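Two complexes are shown next, each including chain A; its partner changes from chain B in the first to chain C in the second.
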Partner chain A sequence: MSSPRRPETRRRGRGAPSPGPAVVHRSSRRRRLAGIAFTLPSMLFVGAVMAYPLVYLGYMALHTYRPLTSSEITPAGLSNVTALFTDSTVRSSLRVTLQFTLASVAIEVVVGTACAILLANVMLRLRGRLGRLFSRALASAFIVPFAVPAVAGAYAWRMMLDAQLGPVNQLLGTSIPWLVEHPLLSIIVIDAWKMTPFVLFVMLAAVMSIEPSQYEAAALDGAGPVRTLFSITLPSILPIMLVTGAFRAVDAFTKVFDTVFATTGGGPGDDTRVLPLVIWRTAFTHLDFGSASAQALLALVISLGFGVALMVLQRRNR
Partner chain B sequence: MRLTFQARRRLGAAAAGAALTVVALVMLAPMAWMAFVSAKPETDIFSRAPLSMPDELTGAHYANLFDQFHFGSSITNSVAIAAATVAISVLLGGLAAYGFARYPWRGSGVALAFLIVARMVTPAALVVPLYTIMQRLGLLNSLSGVIVGVTVLNLPFVVWILKPFFEQVPKEVEEAAELDGLSPARVFFRIVLPLALPGLMTAVLYSFLAGWTDLLFPMTFITDSTVMPLTSSLLQMQTGYRIYWGELMAGGIVLTLPPVLLCFALQKYLLRGLRTGY
Partner chain C sequence: MKMRLSMRRALAVAACTALAAGTVAACSGSDEPQEEPSESTPAESGPTGDIRVLAVEGPETDSLATHAAEFTEATGIGVTVDKVARDVWGQRKVAELAQDAGTYDVVFVGGGDDAVWLLRHAHARDLAPYLGDVVGDIVNADLFTRDDGALVGVPQYYNFPVVLYRTDLFEDPAEQAAFQEKYHRELAPPTTFDELVEVAEFFDRGPDLYGTCLGGVDWSVFLDDTYFVYGQDSNFGDAETGALTLDTPEHVAAMEYIDALTSLSAPGWEARSFFDCDNLMASGQVAIYQNWLYAWRAVGDQMDGTLGIAPPPGEKTHLGAMLATIPESAPNPDAAGAFVAWMVSDEFQLPQTAETGNLPVLRSQQDGAEFAEALPELDMLKTVASRLTYLQTTWSGELSSGVAEAIAKVLSDEMTAQEAARWLQEEKFAGREAIE
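Here is the complex of A and B:
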């Protein structure tokens, strides 16, 4: 019997006589079977629909398969993989995806944290019925971008940023085709709109969990709001801020698709051709599944690499 | 002295509220814009200033959704995809999360790590091999192909959301039920699930969002417009020649309203699911 179960066995024996070792033994085998039975359906499902396809992806990366010209799958050696290093589309997509990720996550973390601190202020200071109504209305408004499907939000922004049809240009008194002249900036703004609320609510929980006594002590010492912000609030939430930013970055880098597809489609030129979009276009526009598989492997190596690194870091800090 | 301090604090909070109101308006802008454009007559959209009020409102764009863009079937398809995603991922994910939380076995650490790694997979990387597999199985242009793809990406997330909820259920309750002779499956369905209801609500909400909002799988697997869900139907309104902006914004509202209303109603559960980490 493993040691972590001992205290619990002892606890069970509070009123009734505790079960003897023989009972524990028999039930431990039953428990193991139950554990396997509970998890097996999920494991089989993920194994069949994710693990097998990803193994198949590795096979495809070593073959040529272009259904437009031939339905045959022919061995291609490592040519698809080596092409990754010479293909300018792939190289530029890595640069664009990285720029997009760094800029959008920076905005999300800074704006999201700032809004969280302000919202916590409003929630703690305006305590009347009206005040509570006000902070609830604000929280509900911040939930909306989170709930709006990415493709709908992207199309709304695309029209809003249009040179003739869009209200943004009317308000600014300009007629700039934002998605053509500043495509990367546009998709960064759209992603920041969608994901800032996520950071905001995670950080709000962090800010609200700071002990009120810390603020009271600071106030007694005569610390002003700026001093309090920099010596109490920010240091307390910095670790969560960094972790949230890191996880957002992995997600942004590997999952950006809908927003770009529905707005710029990757253009103009290669300006917003992020990596997931390159993979999709290679497979489903150019119908070159071998090359697409090699690119997908690259994306997997990057996302799993960063993801596992984060996971290990987080485990160690715990 | 104390009064001025209080007054200053309240003034600060009012300033914070004003700043947040501006941000909140930006957050609401795209949805408000969709609603505004969707109700404008065609001439107002294309030949008057974007923010000018139309002389009259129209429901024509919403009617066109159903007449020209198969929105009747798209709504049904979206509901079916979302419902199946919820059912499969909450059932399988719930069982697995409970297994990991309560019945650890020798390989379960590895199995859990495997599921967590599955959360990080790039969807665009998965869709390439899955497409050829679905093609061979004859599951293209069917909802089941989409459901399977969306669910496999959502399932690990559900396990990760539910596991802490099951860990919080007091062990004594389960042990008492077990001593009464209930099998582990009975204990799970009769005793534990009702106690972990808040967690289940969170899992249901996020699974619904995953199924309802997914674009990648339907746009890749489905070319027949009567099988399309709302998300990939929207793409049909952008042709090589023009974009049907009025219909597109109306369709955006139809797509957006259910998840927004659901998130409002289940706000508490939504916020509970917002955690970072693996």
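Here is the complex of A and C:
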């Protein structure tokens, strides 16, 4: 007597017969094509918006176009690029921009990190609804400089630093024309005031993500607040600090135009003539678009250098 | 299920494609065909339509925009005046007059800085057919006439630097006596630059009173430089040869005058412009300074009759005027011509003179009783109008930045005036021509 035959069943999941390799291949290929089809329009758009200006910038850097002289765009070879190395204006602006970038980023990272640590301490200790409300209000207050439009903030600072009527001098009991006697320091302070909140909130997130158990263990071992700061907090957030600093350096190097334009105008002399201002002036005042394109490419290459540093740091942190 | 997924997928692809196509279409320019510029002379039946005017922001443009409504009422031609910042104006006027953008019917250019470029390179129409007999009455019309005889620019007004001084100081007997004793001459508005320096030195008594005021920002200090260069009957380029002339003794002297006068200016001059000097003068902190004619009204109105005006020292001085031009690509040139003709007429020139204190542009207006009543200083100002000059180069923007840079080197003691002038000619602008 034979055992009863189990009815044939078609079951899914474990033990179910898997589709053949051809089916799997066709399905994943279809998904890939669908993905490309969905993203292609936006990729084309972004590519056009980003790639075309860059390509045209490179093209213009190798040509002469001065509409004041001639409406023709004529080939210039590498003359615009070699002029970058002989033009004292460009050399001076590079020096000023690098000084500005290093100083303002250093201030932003140090002050932003310190404020983030202090703010985190306050936020973690406050309990209850009122405490949470207070800590949120405190955090929101820090965002104000970052939210103020750059030109508005710059003009406000220009008034605050006025030699005769500015509140800064009145507070200090001096009558120093800050934008004249200490122009680079002034714009560094203005930029640091504006961008420190950005660093603060990035570092706040980093501090808040440190495992509390580390602090508990340190407390059990008898570590004080200073020891905890240097042994746990700072080492934990150091990678984020470096990445944030590199990110800010790229931003500061290329986007310092509005603060300088609204306060010192690049002066006195060439004390605050930063590279973005030189590029703007070459293009839109001198109407020398070939030279301006070469200068813009130089700015791009330098900021790419900061960007590469950022990527290297990020890879090391993984 | 397969059918539903395909339908959903198809709809999503269609939506994305439509979005992308719409974005590309929105970003592309207008494809409407541009009309060919009209070669016609002014229509006998009168022009019609609307016109668009490009002008730099300022009190003179405000006056033009305000009174343009009267022109519209009289002719039916609508006028839109685009008042733009100086930097934007710089780009747009080149776009209209060199690149034939065809957006504007009337484009104003700077008479002092852009005239040579206008004559040599700009694609501008001859305005004579629109103005008729008035052409012969325009003061300095020859300065804006091309070699082929076309009058390509007409001034909206005439403006130039003047000397402004504190009459309460100059008329004080004690001051007069002290000045006489020190300099062995009468205390009076200066007629030479050396006299200007002496007067500024005499009244330099900071922090309550400074001898003079010079603006140190690059565009302002360049204008100051032109006062001294033109005053010595020199220029930045040679109109005959087209060569750059930046290392002449006159340029060296101009930088030395600026160096001397900045040391007699209120602290912080490095970041100031002549507009800031107006405020300092109005607050009584400056004894004497040079500025454009507009300041006579603008500052004088705040000083209770203690501001005096005198002609600028030197041989020649900077021609300040906004020139109306009609680009060859102007969409409505006939209506633009009618607007320019109205602009030089008494209907506009008289109220403009009363409001801005600038000189009218026609000889008959400068000799007219009505204008003399509107501008009591007219007789004195007419003497200046006959010695106006302008920049003899075609690239004023780049030149002014370079000259300001050279002056900064002198003021910071990095170079002497002689070295700075040589640096400008032989290094900064090596190989360049004044007329390019």
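The rule is simple: the second predicted complex is superposed on the first by the 278 of 318 C-alpha atoms of A that agree within 3 Å, B and C clash if a C-alpha of one lies under 4 Å from a C-alpha of the other, contacts with A are read in each partner's own complex, and residues count from 1 in each chain.
Going forward, a contact is a pair of C-beta atoms (placed from the backbone, for glycine too) under 8 Å apart; a residue touches a chain by one contact, two chains touch by 3 or more.
Because the structure is a prediction, the values reported are computed rather than measured.
S.K.: Tell me the contact category for A:288 with respect to chain B and chain C: first, second, both or neither.
M.R.: A:288 contacts chain C only, not chain B.
S.K.: Which chain, chain B or chain C, is in touch with more residues of chain A?
M.R.: Larger number of chain A residues touched: B.
S.K.: Which of the two partners, first being chain B and second being chain C, lies in contact with A:82: first, second, both, or neither?
M.R.: Once the two structures are laid over each other on A, A:82 reaches no partner at all.
S.K.: If we overlay the two complexes on their shared chain A, which of chain B and chain C does A:69 touch? Say first, second, both or neither.
M.R.: In the superposed model, A:69 contacts chain C only, not chain B.
S.K.: When the two structures are overlaid on chain A, which partner does A:174 contact: first (chain B), second (chain C), both, or neither?
M.R.: Neither partner.
S.K.: If you stack the two complexes on chain A, which partner ends up touching A:34: first (chain B), second (chain C), both, or neither?
M.R.: Both partners.
S.K.: Give one of first, second, both or neither to describe whether A:53 is in contact with chain B, with chain C, with both, or with none.
M.R.: In the superposition, A:53 contacts chain B only.
S.K.: I'd like to know which partner A:267 touches here: chain B for first, chain C for second, both or neither.
M.R.: The answer is second: A:267 touches chain C but not chain B.
S.K.: Touch test for A:163: chain B only (first), chain C only (second), both, or neither?
M.R.: In the superposition, A:163 contacts chain C only.
S.K.: Look at A:209 in the shared chain and tell me whether it touches chain B only, chain C only, both, or neither; answer first, second, both or neither.
M.R.: neither
S.K.: Overlap of the chain B and chain C footprints on chain A, residue-wise?
M.R.: Residues 34, 37-38, 41-42, 45, 284 of chain A touch both chain B and chain C.
S.K.: Note which residues of chain A are touching chain B in the complex, please.
M.R.: Residues in contact with chain B: 8, 11-12, 30-32, 34-39, 41-43, 45-46, 49-50, 52-54, 56-57, 60, 65, 111, 115, 118-119, 121-122, 124-126, 134, 137-153, 155-157, 159-160, 165-167, 169-171, 193, 196-198, 201-202, 205, 225, 240, 243-244, 247-248, 250, 254-255, 257-258, 261-262, 275-277, 279-280, 283-284, 289, 292-293, 296-297, 299-300, 303-304, 307-308, 310-311, 314.
S.K.: Within their complex, state which residues of chain A touch chain C.
M.R.: 34, 37-38, 41-42, 44-45, 48, 66-71, 89, 163, 177, 179-180, 183, 264-270, 281, 284-288
S.K.: Going by the contact rule set out above, which residues of chain B touch chain A in the complex?
M.R.: Touching chain A: residues 9-10, 12-14, 16-17, 19-21, 23-31, 33-34, 37, 45-46, 49-51, 88, 92-93, 95-96, 98-100, 102-106, 108, 111, 114-133, 148-149, 151-152, 155-156, 159, 171-172, 175, 184-185, 188, 209, 212-213, 215-216, 219-220, 231, 234-235, 245, 248-249, 251-252, 255-256, 259-260, 262-264, 267, 270-271, 274-278 of chain B.
S.K.: Report the residues of chain C in contact with chain A in the complex, numbered from low to high.
M.R.: Answer in residue numbers: 9, 12-13, 16-17, 19-20, 23-24, 87, 90-91, 94-95, 98-99, 117, 121, 216-218, 267-268, 270-271, 394-395, 397-398, 401, 405, 408-409, 411-412, 436.
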